[in-house]
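Look for subunit A in each of the two complexes below; its partner is subunit B in the first and subunit C in the second.
Coming up: the complex of A and B.
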């Protein structure tokens, strides 16, 4: 395998985005930018109750409006061959496609209006004037009796115990027992869920932002009752995904059904307020953390219980308590989960699902324990540093967390921080606080496939159905492919983002570069192997007799590895062999043996400075320094952007985001960007990212971990801890609000 | 009832007969004039993804009814580059990685062009951040956006000095 680890000059370079010019000129085509002839516009009608039934829709009034073409309701909606409650793939959740008149949450689709124009469809949707039989919605973390979960939606168990937690509690000399709450949050990618569905006979083409392109074809096909090859998904660009564009939802399915029913292409774009319902979210959590320590400040127990909301009809829960597995050495470890069924849409994976909520509570609880023990929070973490994975005792595939702590603390200037809160002020009299948190995110890898072709003109073509939702797949994957083929970046063509290409797996779990990149690298290596085979067996080649392993590819030529002067260009080798393209295939996944042998994670340390007005309690994050070790970094420019984006999501979690439910109707009261706050540019200052070098020979052939999600973890806790350090008020619910500090003052 | 209007979009005169008074400039551009570069993010003036220039001023095209624009001059993201030559703001966004998914980017760039023309912010990062805060970016590429606007402001000032020298 050593030959595949050879890397050329593209990887590691801070190349600007290959799709950059398209994106700054408006030429990048997002799903809703497509406009096939004969297009109909669809608007879905959202339920304004959270539980009950629809008793009447004024279809006559809607149909009478000029330009309204059709109205889909449960009365005339065609049946879905593969029912909406069936589960064709691992990311399947029940959805609503007008198969009955039940309402299970606010903003669920209850009708779909088709118009010749967007304006007509919008007006028609208003005219339906739905009437309901409404029942009292069940909401919040105490909305129903909690149930023990068997799993978290990703197949992890609901309960994990290592050692004897009760003995750990008994042995503790000091302890904290604290409960933290986190709210419901909604992904809100800037591009709302959009689709253009266009049928041709029994084949449908979907312009659809999608994080699992090939897999989703099979799932749509199942529901629609057609073969998988009859579904084409085109998803060259996603306007953000964050986990929400991997799940099939009712409104998009209805657009496909409407296009089939009318025989015309249909465009649907969710309104911003409709993004608070059928497209997933992060459920609310209430987490109890009990930590005990001995005389040496080493943890005797880390006991983490999480209650999280889910819908009335699904089982997905935030696996928040699992954030306490894998990070700190402790005599005993316990993670338990419960679910609470409420009348909301089904939660789902949202950037760092489980890790973000769990880390927020864990890192604050660690801070509370350190203060109780009278030691520096960083020192406390170092005393409980895990050299092997706690519980399983597996070695880490790599773990440069010590260096992250050291480099982050150094850059931030952590040394000399007073232990007690409310000790620091700036020149303007603002309270200053410093906090830190550890960042942790697993480094999974999914099955992925790719194809590479060396063309007679010496250029390369590489193909895989990757998804670029902003992380930079168009660029980083091309860099990997170029190196595998021994070609400069500008001499390869990269085809991606369409379901007629090899399956690149899921763009999720921070694993896409490792997975799709691994497949591309394997394909390129395979193509070079075939080319070397041709050259070394050809007496006319200067490489004749060198043997496959004795050849390396560089800058469009094969060289003898022990004699650089013996070389031949790809084009010459192919020409003499008759001019046929040379093809390579890649098919990668992590073997169960490799997964079993090592614990695999990205790590990091985040340090935050906040300033708080002593009278008004307005809060500002003034500095945020993150140091991360995430294996091989393919493109430092893009990796830095990903990590910064994650850290700003952490800021958002700590201080901004919260969906608020109206107790009577069950509707979300702040379902727009005026009420559901996310950071704006003015909220972001003093942001720094350090990437700590890390070689990982086990995680995958390329040594790649992931950078997409880890930035949120650690950051939420760091900010919460800094607010406490500035004010002396410990707020145990997120987001931290001015009134929480006022109440504590 | 129909509403004939005549406006200039990216330097081209467009005579449009609107069949519907409810059409916003954003939907006119995207659905009727084949200019989908301008993006819809919220359709109610809260995110800035639909920012274009009208008579040199940055506005939210989702809040502007097309029928009110008879005689207006509109510039969208498609009209910013000079052939293959990127506008300095566009080039700076690529260089400084001022975007990730790219969906809010047309609005960010048009807003930045408007901000620079307003002349209030200069290269002061704090003023740039404030002046760009009407344009949301969920990927949170704000660090790169601020650097890009600052760099472009500097370069445009230098180009102006050179041109007048």
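Coming up: the complex of A and C.
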């Protein structure tokens, strides 16, 4: 059968969020909105030291408080059958579940208090009044002796060398050697981590915001010592995930253990300040970039070394230097990584992990090199444009970066930008600067499954355990599913967000639409294939005998592909066949051969204008233009929102976000939104996204790349470069602060 | 949070009678409730004063002074047309503070009594002489970027976070109170204490004493055509000031006949600088004069930690605020109040 579906009537449309009204009216049920009968409220007690042991907890005082039901401490906490240091899956990291009294970072859980009310549990937690044997915490990028990571797993980037970097340095006629620092940053999704755990015998139901629903069931089951099928996760809505909700964390596990121990359902929702510790973060980095160029302004070497903080007990190191792989053509290319063990929680994947930090430093260093060379930063990038992946020499599956540069520059008005800094002012006397950066993000695809059913009434049911973190999976995935079944969007029922559905893989790596969408597409196609099989073999059908030419599914009917007038509705076909549902299954993953043959990335170019007060050095990003090529765009409205969100995140990285550790206690002293700044609406002015058309026949059947993370990359550097261009002060740390510009003035 | 008694009196005398050691008056709750949630404050009794009669009005008294009741909400005051016309920099300061939601809830009296945003004060697990006299001060040698550069002591380096109080200080506001001993007036200049050796004694209020109103003298409107509040912060809105300045001038025949200058974010109280004001009297307004005035304004400033940049920044901010005031009060409230970024973007 040559063609069994017509793809594209829903896909490509800027459909508004199908869950939008439910969300803005409060009807959408987030995890903490569940209140099963007999619910207990849990509050975890965070360590207020970063290193040492707990020597005393006043359990008697806590239990005496009215409404406190139980207190879990290492003295009475049940053991975990699958210990907290075991690794059931690739994204497993050690967590704390009150298995001993050591403290390895501030905000680590050291007890869990259960109460009849949240207030009672909160007060009980306070009354525990922990006593410690505290040791001096090791903090910062010089906290301990760095160790090299060797590339043997997730969060363990290694060394990658292409060509001869030493020869590249030697051959350089001009060079820059610059070091940039980025601070620890915390995910801080609007919805803090929450869980409602409810046991029924040895089966547990978890209402839990989660980015990898089916995989997490197996992990929880492993730790709890029960079969995977005894864990149900319901995660219909997430108020943001950003990588933090892929990882199993201690407080959530404690809530599950507490529910098992007390025989009552337990709810735990982290306070905002508790998000700064056990739930992952982006480690601080110090990156040294050495770039050399020859007489033709072509790079002879790109040498990127990154040191990043990780915890004392677990290894997740930002793969920042890998941002220099895959982007610019260079005679030689080297990325090296080191970790520094400090007394903080374990970092983890945070939106554009590695890429965000690495791109920030790389794009600024490229700007510094261009200025040294005396050429325009965009021209410099074009001179070093990689037609094939640097190092591997693989062709790109698609790469419309040239068009991104051109369309972004045109829309921004980049032409005529003075090379020298501090040349432009606005009518109010504010310094104006323009900067740019290249955006790059890998385009992976994960294994995913889906099921599609054509019902006797001609409607469709599609199922996959996808996660809508706010990115719009409820909408974009349904659009793909509707097209795959040849049905309008309102005639399919889309079930998602629950672990009793087929595994949709991880909502991460900017790959969810490609993965889960690919599975839905395959399932729908399979269902239509079965339906076509029935119709074309049924002498009573107008489609009888069209098997060789094939049929097309459109608007609830199958049509002969060589004669549109021959058609029959799904319902009629099914009715005559006895009225049984027609089921299709999808099971997709990227073939190793495809992955081997091509380098696969989304690309983009970001242009920034900043204005800076010449005396007070307040900064504002007045314009951001991002042009991105990310394969097929399923829903332009949602994709542009995702890209905008990434660019705003980049603004946040460039100018605002920084966790401030107290050097004595190891605690983060700005662990709330009053102190840990992210942009407010007034910080975001002109913000424009261009999606550049790109057909990619290799990434997956639908040609989908990803848009979830790439918006951060490029943007941070573009803003940093624009601030330099406005002021002449090159700040090599993020966020860029007023005092940094004052010091440079 | 801890269990506490909640009382909602309907008269000022009942409110004062209900007060006992460990009690707290509750206005808009935008600060007190937050601190109760973190455990930094644990009042045994919360006396909700939001139902008290007669203290939610803006009125002009027979002597020409303006009286603002303690329960007037920040938003209502900032957007009262007559008030904003008479005291534009007060309105600008109010509108530059917090967020729309918080301004709708926060009350005038509460604004005067908001506690420092020093992280070590807000965090019940840190040593703080303000919360526990004699406990020590973890802000010293701690994260201290935004701490005081004037009037601080070894016992405390915290700043007063209020925007509102800065122009009120510049305009000689008076605080009307009532306590167990009766009613009295306290000059705003005497209301907040510098820390000295007793930073826990934050204000001149006696136990149980309640703010009823703020009064601005009749002559405070004289500078309305040349007054500005300027707030320098790390993001464009919804952030406390790194430093701020309220500047009000009266100009006669091209010369300064009266000048008021107060700084915010630099000390435990809004920092009025009479010497700088005096220096400008009779002078022709200009950048050089304002720079000299700003120099004088920051005399005696000393970093209390990693915050030396604030001295330079405060000087620059004071000079700019004076220049803005000399240029004239805008006809309308700027779309981004108290900001160096112009209206064009957000109208």
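Quick notes
We adopt the following convention: the second predicted complex is superposed on the first by the 731 of 745 C-alpha atoms of A that agree within 3 Å, B and C clash if a C-alpha of one lies under 4 Å from a C-alpha of the other, contacts with A are read in each partner's own complex, and residues count from 1 in each chain.
FYI, a residue touches a chain if its C-beta (ideal position, glycine included) is under 8 Å from a C-beta of that chain, and two chains touch if they have at least 3 such contacts.
Predicted, not measured: the structure shown is a model, and the values here were computed from it.
By the touch criterion defined above, A:622 reaches subunit C but does not reach subunit B. Once the two complexes are laid over each other on the shared chain, residue contacts for A:470 go to subunit B alone; subunit C is not touched. Of the two partner chains placed by superposition, A:329 touches none, neither subunit B nor subunit C. Once the two complexes are overlaid on the shared chain, A:25 sits against subunit B while remaining clear of subunit C.
Of the two partner chains placed by the overlay, only subunit C lies in contact with A:739; subunit B stays clear of it. Between subunit B and subunit C, B contacts the larger number of subunit A residues. Once the two complexes are laid over each other on the shared chain, residue contacts for A:613 go to subunit C alone; subunit B is not touched. Shared-chain residue A:677: touches subunit C; no touch with subunit B. In the superposition on chain A, A:687 makes contact with subunit B only, not with subunit C.
In the overlay built on the shared chain, the residue A:119 is in contact with subunit B and with subunit C. In the superposition on chain A, the residues of subunit A contacted by subunit B and by subunit C overlap at 119, 122-123, 674, 679-683, 685. Of all residues in subunit A, only 48, 66, 119, 122-123, 126, 273, 428, 430, 611, 613, 615-618, 620, 622, 655-656, 660-665, 667, 669-670, 674-675, 677, 679-683, 685, 737-739, 742-743 touch subunit C in the complex they form.
The touching residues of subunit C, counted against subunit A in their complex, run 1-3, 38-39, 99, 117, 119-120, 123, 125-126, 138, 141-143, 145, 232-240, 242, 309, 312-313, 316-317, 319-320, 336, 339-342, 345-346.
For subunit B in complex with subunit A, the residues that touch the partner chain are 19-20, 22-23, 27, 30-31, 34-44, 46-47, 49, 76-78, 80-81, 86, 90-91, 93-95, 97, 99-106, 109, 125-126, 128-130, 132-146.
Taken together, the subunit A residues at the contact with subunit B in this complex read 16-17, 19-30, 32-33, 35, 67, 117-120, 122-123, 188-192, 237-242, 269, 271-272, 468-472, 637-638, 640-642, 644-645, 648-649, 652, 672-674, 678-685, 687.
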